[in-house]
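Down below is the structure, laid out as structure tokens.
Chain IDs A, B, C and D follow the sequence of writing; residue 1 opens each chain.
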Amino acid sequence: MNHNTNSSVRLLISCQDQPGIVSSVSTFLHQYKANIVQSDQYSTDPSGGLFFMRVEFEMLEQNFEIDMLRTAFSDVAQSFQMDWRMELKSRKKRMAIFVSKEDHCLLELLWKWRSGEIDVDIPLVISNHPDLKEQVEAYHIPFFHIPVTKETKQDAEKAAIQKLLDYDVDFIVLARYMQILSPEFVGTFPKKIINIHHSFLPAFIGANPYAKAFERGVKLIGATAHYVTNDLDEGPIIEQDVLRVNHRYATEQLRVAGRNVERIALARAVTWHINDQIIVHGNKTVIF
Amino acid sequence: MNHNTNSSVRLLISCQDQPGIVSSVSTFLHQYKANIVQSDQYSTDPSGGLFFMRVEFEMLEQNFEIDMLRTAFSDVAQSFQMDWRMELKSRKKRMAIFVSKEDHCLLELLWKWRSGEIDVDIPLVISNHPDLKEQVEAYHIPFFHIPVTKETKQDAEKAAIQKLLDYDVDFIVLARYMQILSPEFVGTFPKKIINIHHSFLPAFIGANPYAKAFERGVKLIGATAHYVTNDLDEGPIIEQDVLRVNHRYATEQLRVAGRNVERIALARAVTWHINDQIIVHGNKTVIF
Amino acid sequence: MNHNTNSSVRLLISCQDQPGIVSSVSTFLHQYKANIVQSDQYSTDPSGGLFFMRVEFEMLEQNFEIDMLRTAFSDVAQSFQMDWRMELKSRKKRMAIFVSKEDHCLLELLWKWRSGEIDVDIPLVISNHPDLKEQVEAYHIPFFHIPVTKETKQDAEKAAIQKLLDYDVDFIVLARYMQILSPEFVGTFPKKIINIHHSFLPAFIGANPYAKAFERGVKLIGATAHYVTNDLDEGPIIEQDVLRVNHRYATEQLRVAGRNVERIALARAVTWHINDQIIVHGNKTVIF
Amino acid sequence: MNHNTNSSVRLLISCQDQPGIVSSVSTFLHQYKANIVQSDQYSTDPSGGLFFMRVEFEMLEQNFEIDMLRTAFSDVAQSFQMDWRMELKSRKKRMAIFVSKEDHCLLELLWKWRSGEIDVDIPLVISNHPDLKEQVEAYHIPFFHIPVTKETKQDAEKAAIQKLLDYDVDFIVLARYMQILSPEFVGTFPKKIINIHHSFLPAFIGANPYAKAFERGVKLIGATAHYVTNDLDEGPIIEQDVLRVNHRYATEQLRVAGRNVERIALARAVTWHINDQIIVHGNKTVIF
């Protein structure tokens, strides 16, 4: 795993399934002196469905240009009408984190970031409450307090969007940010907002899932990381996990126990997003 | 664990929480020369909620009478207004199994029964289809085919109830029996019918949960064993379990994979019921 | 997943990593009108380690000959000095099962076989005890009782090998067969014998792992499915799983609980072997 | 769960099993106006083994004295030759943390401490390296750097013991402290030192378990929290957990993934110790 990360590239493809895709892609890469390190593919239905592929390769020539490679590949892509992107592993994505008052998901991400487990830049944290300011700034990350009320919501979102543009953010993580984003906001960052919902979706959509879980007497509680769309808690699921509970857990105990599964599911989803392992199609995800 | 099972007794209690319950129960047992082997209790709220208790004890006198002990205990029970029952471990419960065409849950129970893992009698199996007749009879268990159509449903249920009474059944397991039971049927066996639902309830209530799970793109599928009430899939949950899946699973693969989690969750629920480990209160279960 | 299985082929490759392998393989397949359905690869070290690949493809021409395709591919294989095999998905492997007295692993395999979950032929079952004869024959599978004592072990193995050859067996599953096989036997079926060991290897190698687990006071028990080599319980691990236990489990309870994890781990390993998903290298496995 | 914690008491008992223990204990508690909130017991063998019990109760009288209650109970205890202790829930234990350079276990404990998930005081952190000083002091906890070399080990341990005495510590957590403690040190804090070992014990005892796990090709990695004795990695196991891995994990990836299971297993063990849920007997633990 001690690759030369400067020359590592990830190629993600989706298109109609048809013969010759893999052959064309791998021949292209061979011509451009790329060594395929890992390759995954998936067809929804081999007799004519959708085709998804992720290839990780290393350029053997030291001074190659990713943009030249993209231009070269666009011919291959066009012949198969591919939806595709090519990402340089060494270019760190810029991740904004939104929080409210709870710190467990935030701290999980900050800890994994500082320890190098997730290879990302965190240019800023935005919150509708000032509570976590000190903790964020201890990591030398700018913290912006943008309060949200019913009346100021539109302006608050505008201010947040401006910050995200100023800081040139690639994607956004809602780390227990307890606000529903407007369609305008979501539309500005399509497939680029990851939320952690504190239930095993589609069970317990909406507010207070732990109270609902307590009422229903479930024996497992869960958490779901998903991309945000305009349908509340209905976006493409990236990761889910659960935790065993029993009759001794009141709502508060469920909430405390649930933190552990929330932060783990969110951290996995964020890792996969950063590593370009996710392709969204319709309301689902393919995780390579 | 090589107790003398002839003299092993299980006492299950629920009542309003109040001081002195444990003391009274254990003093009673001490007076009657019972050695407490295991004791569990749970209070919903120590400052005045519900109290639940399960005690497993052994009678040191060889020729004691369970009915005499019950009569003696009824005084203690009355003073605390207990809802209670006292069960002889050596008296095997009589379990009826209802099936349709799928055999995995049935076979799991039959295997555990024959291997002695679950200590129960299985006097009969009832099915609305003849398909599993040969398999059941290989275990020397009577198999009754009672077809069910929209028109015959009422008569079919009557015939089934008659069989259950004839065979003196204690409780019923719906091992993937794909029929909804009428309120009359359910009312005849309150808290005595265990169903396995092939989803992680309350997600995907009703028919075709695997098709719904596929549509939603979940990353875990589940199964839920619960007592049957007249609210479809809304009875008290006994056990739940899940299994990791991914984008490669079409509905059919989910269905096949799900079998493994269905049979495991159902077998656990049945085991706990047999061992008198479950107290139902409202729409929830306490599992000791 | 409703492929035409007649024309589905799996190609497994291991060789020294070097540029152009994937390109050559996929170009070859494209030339022969094969549509790649799934493709996985793995390199131990991209800068010059081992390379492993599994490709599943479908031949678009109806009447192709697998042997012709193998001959054609051998040129590609030779140029990269590949260790490789090409398997027709429609050709069912022939699996022999060895048992002693415990039936849970046997029944798990038989149940999955009859339900179509594992796509295999089971021409015979061999046991050193007669106990499971009736159960096996109920599935219309020949059962051979070959007793083994210290004195007769060599002859017994010879008789077993002869049966395996007579029935043209592809691989062998030791489903809790409590005998250690001789180097001669193991050498006759290299990488073709799967054993289930009732512990989380390398913990508790050898006899009585549950007694050892009880002594050590572990909080999880496990099971390990592995290929058999001449080093006891040290062959390449295929699958492992665990189950949570607690202080209430005596050795016997560990043994009973452990059955559930043994049969699940074994069934997964057998499934992967049948589906040509395993490449053994050194003392490890790559599972695609 | 909003008990009046001032008057909550935990009583832990181990002794030879004999009739009347539960009755005597509960009658005693009833006399002293204690309301039993939770009670668990366990007998290794009901016909004459060991008996373990944990009772959590609330004193209804506001101004009771725990020492008076202890004195009163000692008569009951003596008559059954009990090994016992009675702990006031409101008295926070004082936990010292030992670390080296890795921060994940430390941070997990600090986060759970600050969020109130674990109800404990952390008077100091000791390390043989200065690396984590800043992080610890950000939590306003004294950090002591006590370097350890072969030559200075004895003096370093003396200095550490002195600090632990000065700060009146109740127990010690080795949160990836990579030093082996001397018998003198261990003897000073019997059953009061919790270590996290980064493997599923008894597999991979000693140094470099992830390298050994990689060599063996295991499919799950684990972590084990245990009390420290003078037999390396052989003390009573408190908690174990595992994580699924595959052939793509080199030693370094195992090490990174393992962090997640280490911190979770350790945090659970520490929580149980703090809540007086653990009774050590011989080389095992009973967890109530």
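Quick note on the criterion: a contact is a pair of C-beta atoms (placed from the backbone, for glycine too) under 8 Å apart; a residue touches a chain by one contact, two chains touch by 3 or more.
What you see is a predicted model, and the numbers here were worked out from it, not measured in a lab.
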{"item": "Copies chain A and chain B - rotation angle from C-alpha fit, nearest 5 degrees", "value": "180"}
{"item": "Chain separated most widely from chain A, comparing mean CA positions", "value": "B"}
{"item": "Chain A and chain B: spacing of chain centres that average the CA atoms, whole Å", "value": "42"}
{"item": "Chain B and chain D: spacing of chain centres that average the CA atoms, whole Å", "value": "37"}
{"item": "Contacts with two or more other chains, residues of chain D listed in rising order", "value": "1, 42"}
{"item": "Chain B residues within the chain D interface of the complex", "value": "1-3, 17, 19-27, 29-30, 33, 35-43, 45-47, 58, 60"}
{"item": "Residues on chain B engaged by chain A in the complex (per definition of touch)", "value": "42, 200-204, 216-220, 222, 236-242, 246-248, 250, 283-287"}
{"item": "Touch list for chain B against partner chain C, complex", "value": "1, 103-104, 107, 111, 115, 117, 138, 250, 252-253, 256, 259-260, 264"}
